[in-house]
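Input: one structure, supplied below.
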Amino acid sequence: MTLIDRYRRIRARSCEIALPLSEADCQVQSMPDASPIKWHLAHVTWFFETFVLEPSEPGFRPHHPAFRVLFNSYYNGVGEQHPRAQRGLITRPGLAEVLAWRVAVDQRMEALLAAPADAALAALIELGLQHEQQHQELMLTDLLHLLACNPLAPVYRPRPASAGGAPLAMSWVAPPLPGTAGSAGGLVEIGHAGAGFAFDNEAPRHRQFLRPYALANRLVTQGEWSEFMADGGYRDPRWWLSAGWDWVRANRVEAPLYWRRGDAQSARWQSFTLHGTSPIVAQAPVVHISCFEADAFARWWSEQHLAAGHGPARLPTETEWEHAAAPLAPAAVASGHLADASSGVLCPLPATAGGSGLQQMFGDVWEWTGSAYTAYPGFRAPPGAIGEYNAKFMVNQIVLRGGSCATPREHIRASYRNFFPADARWQFNGLRLACDLLG
Amino acid sequence: MTLIDRYRRIRARSCEIALPLSEADCQVQSMPDASPIKWHLAHVTWFFETFVLEPSEPGFRPHHPAFRVLFNSYYNGVGEQHPRAQRGLITRPGLAEVLAWRVAVDQRMEALLAAPADAALAALIELGLQHEQQHQELMLTDLLHLLACNPLAPVYRPRPASAGGAPLAMSWVAPPLPGTAGSAGGLVEIGHAGAGFAFDNEAPRHRQFLRPYALANRLVTQGEWSEFMADGGYRDPRWWLSAGWDWVRANRVEAPLYWRRGDAQSARWQSFTLHGTSPIVAQAPVVHISCFEADAFARWWSEQHLAAGHGPARLPTETEWEHAAAPLAPAAVASGHLADASSGVLCPLPATAGGSGLQQMFGDVWEWTGSAYTAYPGFRAPPGAIGEYNAKFMVNQIVLRGGSCATPREHIRASYRNFFPADARWQFNGLRLACDLLG
Amino acid sequence: MTLIDRYRRIRARSCEIALPLSEADCQVQSMPDASPIKWHLAHVTWFFETFVLEPSEPGFRPHHPAFRVLFNSYYNGVGEQHPRAQRGLITRPGLAEVLAWRVAVDQRMEALLAAPADAALAALIELGLQHEQQHQELMLTDLLHLLACNPLAPVYRPRPASAGGAPLAMSWVAPPLPGTAGSAGGLVEIGHAGAGFAFDNEAPRHRQFLRPYALANRLVTQGEWSEFMADGGYRDPRWWLSAGWDWVRANRVEAPLYWRRGDAQSARWQSFTLHGTSPIVAQAPVVHISCFEADAFARWWSEQHLAAGHGPARLPTETEWEHAAAPLAPAAVASGHLADASSGVLCPLPATAGGSGLQQMFGDVWEWTGSAYTAYPGFRAPPGAIGEYNAKFMVNQIVLRGGSCATPREHIRASYRNFFPADARWQFNGLRLACDLLG
Amino acid sequence: MTLIDRYRRIRARSCEIALPLSEADCQVQSMPDASPIKWHLAHVTWFFETFVLEPSEPGFRPHHPAFRVLFNSYYNGVGEQHPRAQRGLITRPGLAEVLAWRVAVDQRMEALLAAPADAALAALIELGLQHEQQHQELMLTDLLHLLACNPLAPVYRPRPASAGGAPLAMSWVAPPLPGTAGSAGGLVEIGHAGAGFAFDNEAPRHRQFLRPYALANRLVTQGEWSEFMADGGYRDPRWWLSAGWDWVRANRVEAPLYWRRGDAQSARWQSFTLHGTSPIVAQAPVVHISCFEADAFARWWSEQHLAAGHGPARLPTETEWEHAAAPLAPAAVASGHLADASSGVLCPLPATAGGSGLQQMFGDVWEWTGSAYTAYPGFRAPPGAIGEYNAKFMVNQIVLRGGSCATPREHIRASYRNFFPADARWQFNGLRLACDLLG
């Protein structure tokens, strides 16, 4: 596919997501961490105007000078930003004006791409497209948060039919490590290498020493999570990190985000999704949990399931996850439950009954790891404002891996590093267990 | 005018206010104290459905059961309320649905009013209409606050031409007190009496003892306010109540709300209005000030203007204000700068040059008084949820009098008691000076 | 008594209050509204040094220049103040140094008073003594708050024996109004007049029009309060002002401050006092309630006790209270349960069984009124920093009357106006009911 | 030294720290992160009573049952805890009672140690002693924070004389890596091994792959920090992590904690220390900085100092730090500026002029690393409440290494992992630069 075709397709996808929404739906910011749909549509356009058109067009003039500040997210190198928590207060420009801006920028991009792009320009455009795909996922997560604030529980899109399937039992899978001394671990390489796009934070490819480990063959399910809740998991400090326990009590957390009791007294839980409210699906992966919850679950689970030769269950490190996932891609990406341009199911699905090996590594839910988001050894942020894209967030964030049901399929890869604070729940975040293999 | 004609006219006026606005403009709540336009349009409809249709229609069924909670403002007697600060998050029902609800309720009201209404029903409908007029003013104040959050400074409506006029010098006017012992004061009566609508909090009419006093012939102007600012009024604790000084420092207040410097370093102030941004108008009344600011100004002004036989300038009590205003109404209401159905100037206007006696008593700006909002002697709140309308707010609020340029003309009267907390600035609040007359 | 004798006696009383306390007890500030005992001891000394010695001593030099800021409470006219919420962080000067400062100032005051004081000086000293008496009460209330934070429930002083007594039934007492038209009300005078000390806010004496009213013969008791609680008073929004209901829910209020359940599940309430924890005493006045609670109680009580010829129960206005109390003083002050220099009972006591007329008007608990704290007609604050003493607090405060068991006996009078925000509970605040007498 | 001798010596040291303090100094908690000295003295005693005496003494009875809750810091396994932010409100038990408790527990410990302790008991006692040493450092840091709140700038102890010395130029030191392929890096081992005490979080010893790196020969100095400030370092978002920049602006940070301008307008900075206020010492290490500041400084420094073959300056990883430090200990511990029982200088000192190799690795200031505090591969928390000691804090914290001038000398070692949130400044935290060595 040519770059211009790819540009057209990805840009169109953003509008497609907004299509079922009213102007009001596109306007509102439901919390400071989320942004209005209209803002997303504008910001991704801002990205192309600022980082592609401005340095490329002779005599560049912005579509509207005020948009440079209004729709700058966090690039200090570009200048001031409208305060993040006040994005929803900007009712003008209206949605139609923002869409007109999109059209105008698209026309200018078409003109630019009429001539062959050099490598630097192509790389910037590709970054803009990857950026827009990230915001496509955020549009869905932020929309879900907004709709969940409405007691009428509005439906974004009806749920397409999907196979239910028999449950897949949990088992451990041990990816092979290099070297003869398997029981002692070995050196592996992670990080992006070779051709194809990757974000700066996936480089450089580098060596890490891994001890023998295993990953669960599938994601933790809503049924397993219900057992954790029924066993008082949210009320027992034993399972929780100190900061997690403080968070549980301060926010009176007692279930994943968007889980609700069928009625006030009932123990029957329902979950709110982009397809509306539905009962808990025991085999489907649990989603919309914080890293604190994921970590607590692993500790609780270990007490229930002791196995000889296995250390306690824990979250995988990002090195372990990538080492295990790399050989499976791209087949697992192709078959995983990710977001395609065509409308699909916008909540995680049960693992395929009978599946062998590592299931659900790509798609369904982002998998919390036990790794803090920091620079890879030898990492260098690119110069200029683009260097702010990923590097300046390397503190107090946790790495997630694998993509979700809301991640564009062509956007994910084994080396992809997503990151959020440990208490973030409004993303499609879930977990897979890991453990040490004891000698 | 018949009640049904009055109903139609007032209901139509609400929609007229919303007409220049987009769905997004109508959706957003810019702060917890303000409400979305859509919410206002829905809430006033809720009022008729809940307090008029429900007890009047046999076999009453609500338009939508969830609206009872969603659009209940604060009536505990009716049941739960959607949290006030989250009114802006309700994107469904959309504006069209809310307008359809209005139409449906209007049709049911027409059916109800096809038969003659008894006195109790007529009183409830009248209350609903007065209530809707209050919200018409709030729609304008809340909209102004929203637009003011937008750095693009959007214009709600272009400003119609209005006469500028020469300045009117400030002078004292001393309303006559009853009794021969004028210098010692006398008993006056305030509160609503006779026919015509009044809110419960304007009753009962009762006696108060007044000492000789004078009111300024006009409102305090933006020019006078600029002198206060130039003299360091916002930086000198001498002028301020203790709570006011804390408020100034905590909020870094240095000018009325919506005043902005022309540019960062400039001493030229502009003000943002529903007609957009314009320079300060020296003769026009200052507006969008808190009671703290009004009170501080009076104290500062007194130091500049000592006059024999006059005590220091202060805010008038509500008894003084009403005693002075009652003889002027209804002529002053008819000629005051209030809001008519036809589009007018939505910011206060200079006093008429050459005017004699008390000018601007009705309209332009609500006048802060020095009176806390409490029950009149013998006050009894009506039974039931309607009793929550005014009575439960009788603490930590200050009375304002006289209506503003955003108050429907037919809504104001001499006995009208508006009330807001001392720090409220987003209403059209200003001040008139008063003083004691010394023997 | 000579002024110097009076000075010695009152100054000694402050130290007497601190005597049973450790240096640590005197150091800690348990909340921003409260102050450390050591700070009180220093601040009252600061008052004499700043307002008496500085203008009186030729070549005045302060004991320590930094104390001027450290122990200035809120007098902007004197200069900067150490931040209120950080008073407890000042461990140096230590208690011994503060006491040494007291001694040094006392010696300078003795020298000053060796010569006859002119009227202005005597008035300033008297103000300093009245000020110190106010802080003597605050020392007790702030200490109670501190000790109440300690789960060990420390005792300040053992409780002296006091008579228990049979209950006194509640009845209405109607103070006579002037004029023949008793049923229509009449003009009364309130405010300080004549000789003797009074604060500026008690002046000028002025006329108010009063309608026929009655006061309860005694304070509301803990037994009556228990009925309010048992009837769900804290859970029913009907009884509450809007701001009060918000306050109840935000703070999860379910009983007076310092009331605690005997154990987690028990309905047996205890109260913590300066004499330690003890069971609720049904006949003793309820204390440590907010104005919101007092107001809600009155509304609840009215529903239980309808009486022909009487309007609903409510809080008295300060005019009503003073009009009723003035004829009783000074006998009622002499016999009331106030604080004497000798140790007494530091919690309110039951009314005397068989007492007739208005009981407990002075002492036991400060009585919340329905009156906002504002300037009396014609009030003028004194010039200079002393003018900040009372005047700058005249907004968002409610008047309380009558003194408490912690108020020095010689400090109270009928015209005395205490004031606190409506949510203040750590003072010895209670209530007496009032009602309109219907024609 | 026998265990009982060691016990006596370390316990005595805690009291020695408190000796110059008043009861008030020992009582106050200056912020929620800090604790009162009295609480520290009590809590370390609680540790021995709870974790040593309770399981060891037949028929164990606690000294005071309430102390179990009052002085439990965060051990949910032991039960409830008095709220952390309210530790300063507990004025009873007084300091004397706490000291009496110390004596009582010491006597019971002496009795216990009269018989030989088995390995498990000895390990628990050693843990208690290491714990008490940690609190000895916290006593000093918390005291410094308290005294810094006092505008009188009280001195804890006069400063002993110390050599000033000529400046030591900054240079890079490259610790050798194993293997022949030096330029490609190699596998190293970190973590505690062998005999001697270590905390659970220092285990297990494990392999990490290191690329060629260098450390600065000394700590970053106050002089260098002044250059960063003079160059606008605190005002330029280029240098800062996003969370760091938010922190700078929200807290208006413009200098290290405890730095103050000599006077309001002056550019001459002073710093407040436990020895009082003194001018900035250009050669002394900067201290009381957050990780955000340390990280920003490194980025700023890199722009000023480009060197061929060296990557940009950054914070060292904890693996790099430990790999470099391990060969130097114990000589560097013996000669480092750490806290000895005898009184010393309680602020960091300049590096020795002419020193070669890595200077100041142990003592002076804790060195921020670029490593998030997480579990070492294979880490297992001990069972029971003791497992809460370190493990439950493994999120949102940064590792610091090397000990400070307030760390007991015998408490530190190369594998020691201290950890604090990235914004913590009240500890003796500073930094040393690191960089990649390019091939």
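Read from first to last, the chains carry the letters A, B, C and D; within each, the first residue is number 1.
One rule holds in what follows: a contact is a pair of C-beta atoms (placed from the backbone, for glycine too) under 8 Å apart; a residue touches a chain by one contact, two chains touch by 3 or more.
None of these values were measured; they are calculated from a predicted model.
Placing every chain at the mean of its C-alpha atoms, the farthest one from chain B is found to be D.
Note on chain placement: the centre of chain B and the centre of chain C lie 36 Å apart, centres being C-alpha means.
Computed centre separation for the pair chain A/chain B is 48 angstrom, with centres defined by C-alpha atoms.
Among the residues of chain B, none is found touching two or more other chains. Taken pair by pair, the chains that touch are A-B, A-D, B-C, C-D. Within the complex formed with chain D, the residues of chain C that make contact are 22-28, 30, 38, 66, 69-70, 82, 86, 88-95, 146-147, 149-152, 154.
Across the interface of their complex, chain C is touched by residues 74, 76-77, 185, 187, 206-209, 211, 237-238, 240-245, 291-292, 295, 311-312, 314, 317, 370-372, 374-375, 377-378, 380, 388, 392-396, 398, 422, 436 of chain B.
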